[in-house]
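The data blocks that follow each hold one structure.
Next, two complexes with chain A in common: one pairs it with chain B, the other with chain C.
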Partner chain A sequence: MIPTILFYAFAAVLLVAAIGVITSRNPVYSALYLVFAFVQSAVLWLLIEAEFLAITLVLVYVGAVMVLFLFVVMMLDINVEQLRQGFTKYLPLGVVVALVVVIEIANVVWFRSEGRAFVTPDPYPAGYSNTKELGSVLYTDHVYAFEIAAVLLLLAIVAAITLTMRRRPGLKQQDIAKQVAVSAKDRVRIVKVESAKE
Partner chain B sequence: MIDMLTQLEPLWLMVPELIRDVLVIVLKIVVVMVPLILGVAYFTYAERRIIGFIQNRLGPNRVGFHGLLQPFADLFKMLFKEVVVPSSSNRFLFVIAPLISLIPALAVWAVVPLNDEFVIADIDAGLLYVLALTSLGVYGVILAGWASNSKYAFLGAMRSAAQIVAYEIAMGFALVGVLMASGSLNLGQIVLAQSGTGIFSWFWLPLFPLMIVYFIAGVAETNRAPFDVAEGESEIVAGFHVEYSGIGFGLFFLAEYANMILITALTSVFFFGGWLSPFAGVPGLADTWIAAPSVGWLGLKMAFFSFCFLWFRATFPRYRYDQIMRLGWKVFIPVTIVWIAVEGVMAALGIGPWSAAA
Partner chain C sequence: MIDYSLAAPEIFLTAAICVVLMVDAFLRAEQRRWTYTLSMLALVGTAICSALFGVDERLTTFTGSYVADPAGDVLKLFAYLIVALVFLYSRDYLEENGLFKGEFFVLGLLGLLGVMIIISGNNLLVLYLGLEVQSLSLYALIALNRESARSAESAMKYFVLGAIASGTLLYGISLLYGMTGTIELGPLAAQLAEPGGLNVPTVLALAFIVVGVAFKFGAVPFHMWIPDVYQGAPTPVALYVGSAPKIAAFALAWRVLVDGLGPLHVSWSDMLIVLCVLSLVIGNLLAIVQSNFKRMLGYSTISHVGFILMGFIAGTEDGIRFAMFYTIAYVLMATAAFGMILMLSRKGFEAENLEDFKGLNARSPWFAAVMLLIMFSMTGVPPLIGFYAKLVVLNSLLEVGLVWLAALGVVFAVIGAFYYLRVVWYMYFNEPVETAPLAPATDLRVAISANGLLLLALGIFPGALLNLVARVL
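Let's look at the complex of A and B:
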């Protein structure tokens, strides 16, 4: 009973937050609504006892990705008028994309699940650890796919860094290793001072 | 007294079970929170006194005996000051930002075990929960900086965001080492995995580089000196909280100190055996209270690391921003990755304290 109420409450807030993402005028608000939506969906995952996924969602998306997102969005100077200019021109394309997404969702929700009732899964026995189960599946059955995904991510990191590495000639840079290696006796003079008394 | 309690038992059983559970949880939270808030209050006093002595002055010693009432005097002063909301700032975010930085710092205590039995929520993914919540605290700083509509505050927020993202990775990697050594994500299990022959069975010894990285990253994560560029009073006035007055500033202050106490508690739990006694394996002390695990040992360890925080602040000059980034990305992350590999090899060869558990 209580989990059901919680599910509908959090799902409702999630929908409101998701609508907020696309309707707010201020991009910072959109990003914050997205953060809110992530947290709500993490709670939904918690309700089906997938605590590893839920916490990882908060850790990775809310704690790292969205911080960088906000970082960028706050510094952008977005001209809303300029963005709106193409709105009517791209409207038909947007409508088509939206329709395709709606059909896909309908396909999953109505047609593929036809005849099957949506039931709450049975709660797992005490001592069941979602984290452990996920780990043992990832590192045994799906170990190659997992490793390939890891290498792809590494590749993306290297590519992103390469794109931003520009070596301009004649640039004056600090040699930080040299600065760090400076010895204390060149800079610091120890002076003995009598201590304070109350 | 005992008679009275046994008479009360039927009354207690009359209460519906749901309400009983809630009452017990609330009581547990109070038991953790009251000492924590008091600890924060006296941490501020200790900071001013200790740094005073380090810098050859006395610190506050006028309010109460040796200045012991100073934290309360400060609190009342902040409570009675006007909260000024800057014009054309974002009012809602401006008000909520201090709360966002305070709440995660307190919520993490739900999974921190104080001894063998006492922990508010004994969850399986405790370590992940700690990481997730500590990463939320940065939103308070960023939102405060943005909502203040001030260039100084904004610069502070930007610095803080970049710094926290950089050090969180090193922190996470250091904790990967801990969970490899203990074989569990549950904080209580992590402490129990360190039990044995006292101080030498704790993880600080086999995971020494990770311990150093974790603690320094913790100092950076809490925006404390020498990593306090988010405040940087000589460059950007007071950074992200420059526009906050009265209790808004007080909440940021509270959050900073609560975060510091949290880092000391987590360092004790992950690397220094939590509530375990350092004299557990010493012959001759085996059955005395000195060798018995207790919450007092956790308190002592936390007190020591708290002192380290103040010691660092009084001793080191502030890092330059590019040096902070270099330390985080180019020194700490490689160190942790190398040590995780070393640990893997040691575990595979059966060397080290964790081989018995596996």
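Let's look at the complex of A and C:
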């Protein structure tokens, strides 16, 4: 009973947050609403005992992706008015896409489930760790793929540095070693000024 | 229990890459040759690992995601050889053009690792990851020369198209997983072989996977990136893109289509026939009008891909063997052809136009002769290896009764002869425009001569390579 109430409560907040994402006029608010929506869906994951996914969702999406997103939104000067242009032009296409999605959802949720009861998965016994299970599969059955993914990340780092790191001529940079090693006579020149003769 | 020794070459190469990367970071620009030497040593070490831990039978490890078999070992050894040749041919060119960076070698080795992962992949997820490792290193390599807008443009094109192709492949894989509940090739084939295995969703998934594989090969209509990348990339990178990844493309097609989706041969051979015919027609016809040699080689690759696909279309054991034979032969030819461009180029001058080969015979009769061998081999003139490669794939088509396709292949091979022989005509019957003497380094000179002569030797004794391929596959 209590999980059901919790589900509806969090799902309702999730819907409100999702609507907020697309209705707010300020892109920063939209991004913040999206963070809110992610947190709510993380709780929904928790309710079906998928703790690892819940934590990952918060850590990766809220912690990394959305922060980056906010940075970009704040750094770029997005002209909202320009984005709004052509709304009526694209409206028919948008309506068609929305209708297709609604029909698909109805098909899955309603027509296909007719005559079939929704089954709720059996709750896991106490002490079951979702993270541990995932980890044990990841590091045994799929260890090869996992290692390749690690190589892929290394490759991405090498590629990114190759493509972006370069010494531009005339770039003003600090050379700490040089600054420390500097001596007084490099910086201060004592000049004997002849006093003006009358 | 995981048998790590089967994956010794991959493990050694990964460790070696990390060493090269670390050492390179501490080298000064004038010591960069050490990176080159270390990379070569890494290749030798990997080859030794492959030889020591080679297998006589098909073995799997890592809970079925890694497969070691003799054919895979042979493909890997050829891949090491090709990458070593790429590094050797590229060295002087890179030094002269200010591109001699450690990243070229590190990314080159990582690309090779991707090729090896694909060759030994026994599960769709691993094959996909291998493809990504290989493609990502290629994207970065193509954009290596940051001064060139053309390189950046071709890298961007390849990246966007490649990302779409990877997505397509992955979509096919996920559909297939949804249908069968497995990503391992063996069980997948077993499931698909059962009655009812051939249904609409499976064929849909198959179509997506064929698109991904065709993009990797560069078969028409998924060839758009090839001419641009060959022309836009720095020539050493074009050499790299044109050689080792073709082995990976063959391995991908062999593992996925034959090992995994073999029971669906009726469906995918029809798709490949379309790709094959289009590749032969478009590749050969567009190659004729090119004036840039690199671009022409791009279109010629497309037409050769048509021939490689013929072996798969036949689908017999011999067909796959001959496709492997053709792939190895083609890669040797392409490496030699690009090596020739690199050798004729010098600081500030790219021998990338057909005109640059004018009068090569007057400048250096020996290199003109080697180039003649390469061009004749690509045309398919006996007794060079290119002839036997074409002969055996066409023969495998005749065995399954696809006479019309074989005839079409012959017709377009003849049409293709025009643009290869034009290069020969330029070399022997034109006055040289360039008169600068050719003075490549000794090891380069020896390697490219050996590469050219290998085409002749394997053409005279095709049995050596044919027997090897027949024994392992």
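Just so it is clear, the second predicted complex is superposed on the first by the 122 of 198 C-alpha atoms of A that agree within 3 Å, B and C clash if a C-alpha of one lies under 4 Å from a C-alpha of the other, contacts with A are read in each partner's own complex, and residues count from 1 in each chain.
To be clear about the criterion, a residue touches a chain if its C-beta (ideal position, glycine included) is under 8 Å from a C-beta of that chain, and two chains touch if they have at least 3 such contacts.
The structure presented is a predicted model; accordingly, all values stated were derived computationally and were not measured.
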Partner chain in contact with A:48 - chain B first, chain C second, else both or neither: neither
Partner chain(s) touched by A:21 [first = chain B, second = chain C, both, neither]: neither
First, second, both or neither for A:148, with chain B first and chain C second: second
Touching partner for A:140 - first (chain B), second (chain C), both, neither: second
First (chain B), second (chain C), both or neither touched by A:6: neither
First, second, both or neither for A:196, with chain B first and chain C second: first
Touched partner set for A:156, first chain B, second chain C, both or neither: second
Doubly contacted residues of chain A, that is, touched by chain B and again by chain C: none
Residue ranges of chain A touching chain C (in the complex, touch as defined): 140-145, 148-149, 151-152, 154-156, 158-159, 161-163, 166
Residues of chain B that touch chain A when the two form their complex: 52-53, 56-58, 61, 93, 123-125, 128-129, 131-133, 135-136, 138-139, 142-143, 146, 154, 157-158, 161-162, 164-165, 168, 185, 322-323, 326
In the complex with chain A, residue positions of chain C that touch it: 2, 7, 14, 18, 21, 62-63, 65-66, 101, 103, 106-107, 110, 113, 117, 123, 125-126, 129-130, 132-133, 136-137, 139-140, 143-144, 146
Parts of chain A lying in touch with chain B, wherever the complex brings them together: 28, 32, 35, 51-52, 55-56, 58-59, 62-64, 67-68, 70-71, 74-75, 129-132, 174, 176, 179-180, 193, 195-196, 198
